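What follows is a set of structures to go through.
Here come two complexes built around subunit A, the first alongside subunit B, the second alongside subunit C.
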Partner chain A sequence: MIKKLTNQDLKALLKELRQEFLVIAPFKVKQGRLMKVLYQPVKNDEQLSSIYLTDQPDASPKEYFLPRDDKLGEETAGADCEPADWQDQPRIFLGVRSCDIAGIELFDDVFIENDYIDPFYQQRRENSIIIGYSCSEKADNSFCQEVGVNPVDNDNVPLMLYQKEEGFFLKINDEDKLKEMGILEKIENLADGTDEDLEALINERQEAFKEDDFTIKSELPFPEKEAFSSVNWEEVTASCLGCGVCTFYCPTCFCFKFFWEDVEKNRAWDSCMFSLFTEHASGHNPRESQEQRWRQRLMHKFSYHPKNYQGEPGCVGCGRCVSKCPVNLDIRKVIAHFENSIVGEGVKGNEG
Partner chain B sequence: MKVDNYLPRKAEITKVVQETGINLNIKTFHLRFADEKPMMDFKPGQFLMLTVYGVGEAPFGLACAPTSDCNEIIVSVKKTGKVTAALHEHEEGDIVGIRGPYGNSFPVEETKGKDVVFISGGIGLAPLRSLIDYVLHPDLREEFGRVQMLQAFRSPDDMLYDYEQQRWEDSPDTTIKYTIDRPCEGWDHCVGFPHDLIADELECQTENTVYYTCGPPIMIKAVTNELVNLGIDPEDIITTLEMRMSCGLGKCGKCNIGHRYVCKDGPVYSYQELLEMPDEF
Partner chain C sequence: MKMENSYKDLSAEIKEVAKKVLAEEDVDQLLGFAQGEFSGLTEPVIIKKAEQAQRMVFTEDATPMLSKYLLEYKEKKQAVVAKPCDTRAIAYYLSEDIIDRKNLVIIGINGCPGLKDNTACDECDTRNPVISDYQVGEEISSAELAAELKGVKYLLEDMTPAERKEHYSQEFARCTQCYACRDACPVCYCDHCYVESNQPEWVEEGSSADKDMIFHLMRTMHMPGRCVNCGACEMACPEGIDMRSMTTHLYHKAEELYDFRPGISPEQPPLLSDFSKEDSEPGFL
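Now for the complex of A and B:
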């Protein structure tokens, strides 16, 4: 089902949804001296006019699913206790692009598995509805199509929003879910759009995304042995400061550590780019140099994750790690270097 | 499906044993769950995450066997970092936290009916004890063949479990050799590094025998090399690895060796598996 909305319709719909849901949307906000686009909860109806959908947000909404500082509870309370700080108001995320949707899907694979469920993640995830957003132009440094992400269209979210010159199309992908959450009834009365019109818009956009000078030639998973034997990682990653910004902005990086405030156990994001990440208490460190840590970051995304999760890439190609790196270290160049290094070995990816 | 909220169960320390000379700082802690719920199920070779409340948490290999009369948890801990130092301050009656068990286990079923050789270096004896006590348990002893051990320590002062050794030596068809790094007055056992002693002190069969070894990485390497030189199949050499870990569940990302998570796919690996893994440990 496709609906057609004016700007006013969208605002009215969000206003209505705010009665029951916490609506989280991208806003242009001042952070230090910079303006950034960040996901924030809508606090009042007036703010609905300032929702900013034009550019790719600076950060993905991952912190709403895996908070950067998450209180797990008092460790003395025991294994049966409920998560400490949990609000059960259902949430709607507006304007999430395909790269960030793919990031959340990757989190689903990792934290809601057959043999293990992370209860903190599961509750936040099941309590959230995502309204996707179709990209109209390529974000800086993005290469999402190289990792199987379609920036223009997405069927994996219950609702998908496409901005037109005037107003929006809204595609309904999952009627059952929307019905269950009481959202469908709020949408049904909107004006209908046609498949043809939406298709025309999608096709036009896809044309704009066709040209890309970066390609990933190897199949996933990248071969693991060669990464250790045939690639000079230092050559391309020597400028890395080890600041970890790439991993903090990455929509798929989920590595974490625990920290304690008295007996309260907390979880915080951690980063494979930090030397302490793997350092044993004895001082021994399996990844003691920065280029080894870079190898870990690249290989986790393009080899280990695909190997462990049915070939799924561990990167969504959003380009943020490139844009945010203080020394302009470009993951695309590291991938190309990796591929060039193993070509000499006669290897074409996928060691099975 | 298993849900784990990363929070530990309370356990009481029922006994603390000072294992080594006091300056060498290895203590063995006996623990019992403080709640009424059943004791956890575990297998030899698994590990647990032990919490020192308000300080932190770290992984430790279980040093006890899941036999029918097992009603406590035993871990041996060397004072090394923040958590272990805090744990060493703990006494009988103090409460700590336990979650787990985690990881795979020693291939117990595959070892049944075969001879078993244990080669340990220092505190590497601790995780092996979960299998030694299993194999030598009176109810289970006849399920396994001949047992040989070569236990290496730096000095007589560094020895672990001296209060258990006699019981082990008295088990049927069991021999134990001890070695220290340098000669020492009053020491009438072997002297030298374990890999130099294997050929002379152990009877190494290439068939129908499983070799378990654990110790410092450099010792594991030397021992496995020597065993392979003696014609032992790398599939029959089993060891267990140590890594920094936060979760123990294959999520936090710290213990990767290539695509493997030591906490989930390990910590027990055959030497054949290690040969196929990148050198990242």
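Now for the complex of A and C:
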């Protein structure tokens, strides 16, 4: 089902949704010398006019699912304890782009599927509805299509928003979910759009996302043995300073550490780019140099994650790690270097 | 209108000099800036052959301090494209005897036009290299520099300690403990940073505003007499934290109280190892 909305319709819809939901949307926020686009909860109806959808947000909404600093309750409370910041009010995330949707899907694979359920993640996730947003132009340094993400269209979220010159299309992907959450009834009365009109818009946009200079030629997973034996990681990652910016801004990096404050258990983001990440109690560090940590980051995304999750890449191509890096060390450059290094070996991937 | 060199002219000269240095000097590698192959962004690169010198550029985004990388490879003989603030960091390394002058070929940038958005450049007092083997660009005269700096105040100069504290608590609350500031800083070069120590644990795990502040205050306490006021910490911070507001205060206090500016000469004794009975003792800064 496709609906057609004017700017006013969207605002009215969000106003109505705010009665029952916590709406979280991107806003322009000044942080020191930087003007950033960040997801923030809408605090009042007036703020609805300031929602900023034009550019890719500076950070994905990952901190709303895996907070930077998460209090997990007292050790004795058992597995069913709720997150400390828990709110019963369900959340709607507005304007989430395909790269960040893919990031959340990857989190779902890791935290709520297979053999392991993380109850904190699960509660936050099940309490959230995502309204996707179609990109109209390529974000800086992004390469999403190379990792199988379609920036223009997405069927994996209940609702998908497409901004037009005037107004929006809203595509309904999951009627059951919307009905269950009491959202469908608020949308049903909006004007209908046609499949043809939406398709025309999508096709036109896809033109704008034609191939660029960067392509990933190897199949996933990247071969592990060759990564260790045939690639000069030091040469290509020499400028890395060893900070955690790339991993903290990455929509798919989820590594964390536990720590205790008295009996209260906490979880905070950790980063494979830090030396402490792998340091043993003995003082021995199996990854003692920065290029080994870089190798780990790249291989986790392009070898180990695909190996564990049916070939799915561990990178969504949003480009933030490149743009945010203090020395602009480009993951595309490292991938190209990797591929050039192993090509002499006649390796096509998938043999590690 | 400032009398300064254009990025374009400097880039052209750097290409030439880098080529010459790699061809004629017996260096293992040269540190400079180039444009990223895919990103087009300015990034630090290490080149080894004269024909690669064509890639060298200098732009308003050349924020990383190449001096920092020298320490990583100090056993090698290295050439480096050095902004004036880099040359001060290098002079400071030499004053602490942590790198061998014989292993360095310094290509200094004269009349540095400064960097985009770097507030350190607004109050920069060193626009020509303090130490170099080759130079590019026209020097800026001391009279010109003095005229430019006239009336320039450093960040938070006029604030009271209480106002500064308020400012710090607001700014540093955004910290995510990514440590980019430390890692970008040319004079944060300890082999083992207290942050990476967990026996004892100087900085507790977790990232509340208080804990973030402990990290920044501890880093700041290592900075008097070392910080060359380059602004790399602030430029590296992805949260846009007004990082220099803390360190620039120490920089200017060291100058005001002890007539000391770090990294002005390789022969200069470090601030904290040079004591005289007449030194003023203002207490905690």
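Heads up, the rule we're going with is that the second predicted complex is superposed on the first by the 341 of 352 C-alpha atoms of A that agree within 3 Å, B and C clash if a C-alpha of one lies under 4 Å from a C-alpha of the other, contacts with A are read in each partner's own complex, and residues count from 1 in each chain.
The rule we apply is simple: a residue touches a chain if its C-beta (ideal position, glycine included) is under 8 Å from a C-beta of that chain, and two chains touch if they have at least 3 such contacts.
Bear in mind the structure is a predicted one, so any value in this text is a computation, not a measurement.
Asker: Quick check on the subunit A-based superposition: subunit B and subunit C, clash or fit?
Answerer: fit
Asker: With the two complexes superposed on chain A, say which partner A:Asn308 touches: subunit B (first), subunit C (second), both, or neither.
Answerer: In the superposed model, A:Asn308 contacts subunit B only, not subunit C.
Asker: Once the two complexes are aligned on chain A, which partner has more residues of subunit A within touching range, subunit B or subunit C?
Answerer: Ranking subunit B and subunit C by residues of subunit A touched puts B first.
Asker: Touch check for A:Lys36: first (subunit B), second (subunit C), both, or neither?
Answerer: second
Asker: For A:Lys257, decide between first (touching subunit B), second (touching subunit C), both and neither.
Answerer: Touch status of A:Lys257: both partners.
Asker: Of the two partner chains, subunit B (first) and subunit C (second), which one does A:Val245 touch, if any: first, second, both, or neither?
Answerer: So A:Val245 only meets subunit C here.
Asker: Which partner does A:Pro119 contact after superposing on A: first (subunit B), second (subunit C), both, neither?
Answerer: In the superposition, A:Pro119 contacts subunit B only.
Asker: Would you sort A:Pro221 into first (subunit B), second (subunit C), both or neither based on which partner it touches?
Answerer: In the superposed model, A:Pro221 contacts subunit B only, not subunit C.
Asker: Between subunit B and subunit C, whom does A:Ser289 touch in the aligned arrangement: first, second, both, or neither?
Answerer: After superposition on chain A, A:Ser289 lies in contact with neither partner.
Asker: Shortest C-alpha to C-alpha distance from subunit B to subunit C once the two structures are superposed, in angstrom?
Answerer: 6
Asker: Of the residues on subunit A, which ones does subunit B touch that subunit C also touches?
Answerer: 257, 279
Asker: Along subunit C, where are the residues that touch subunit A in the complex?
Answerer: 36-39, 41-46, 63-64, 68-69, 72, 117, 119, 171, 174, 176-180, 182-184, 196, 198, 204-208, 234-242
Asker: Can you list the subunit A residues touching subunit B in their complex?
Answerer: Against subunit B, subunit A makes touches at 72-79, 81, 83, 110-111, 114-120, 221, 224-225, 227-228, 254-258, 260, 262-263, 265, 267, 270, 272, 277-282, 284, 286-287, 292, 296, 299-300, 303-304, 307-308.
Asker: Quick check on the complex: what are the subunit B residues that touch subunit A?
Answerer: So the residues of subunit B in touch with subunit A come to 1-10, 35, 51, 53-58, 80-84, 95, 97, 99, 217, 242-244, 246-247, 249-259, 278-281.
Asker: Of all residues in subunit A, which touch subunit C in the complex?
Answerer: Residue list for subunit A touching subunit C: 31-34, 36, 68-69, 141, 213-214, 238-239, 241-245, 248-249, 257, 259, 261, 266, 268-269, 271, 274-276, 279, 322-324, 326-330, 332-333, 336.
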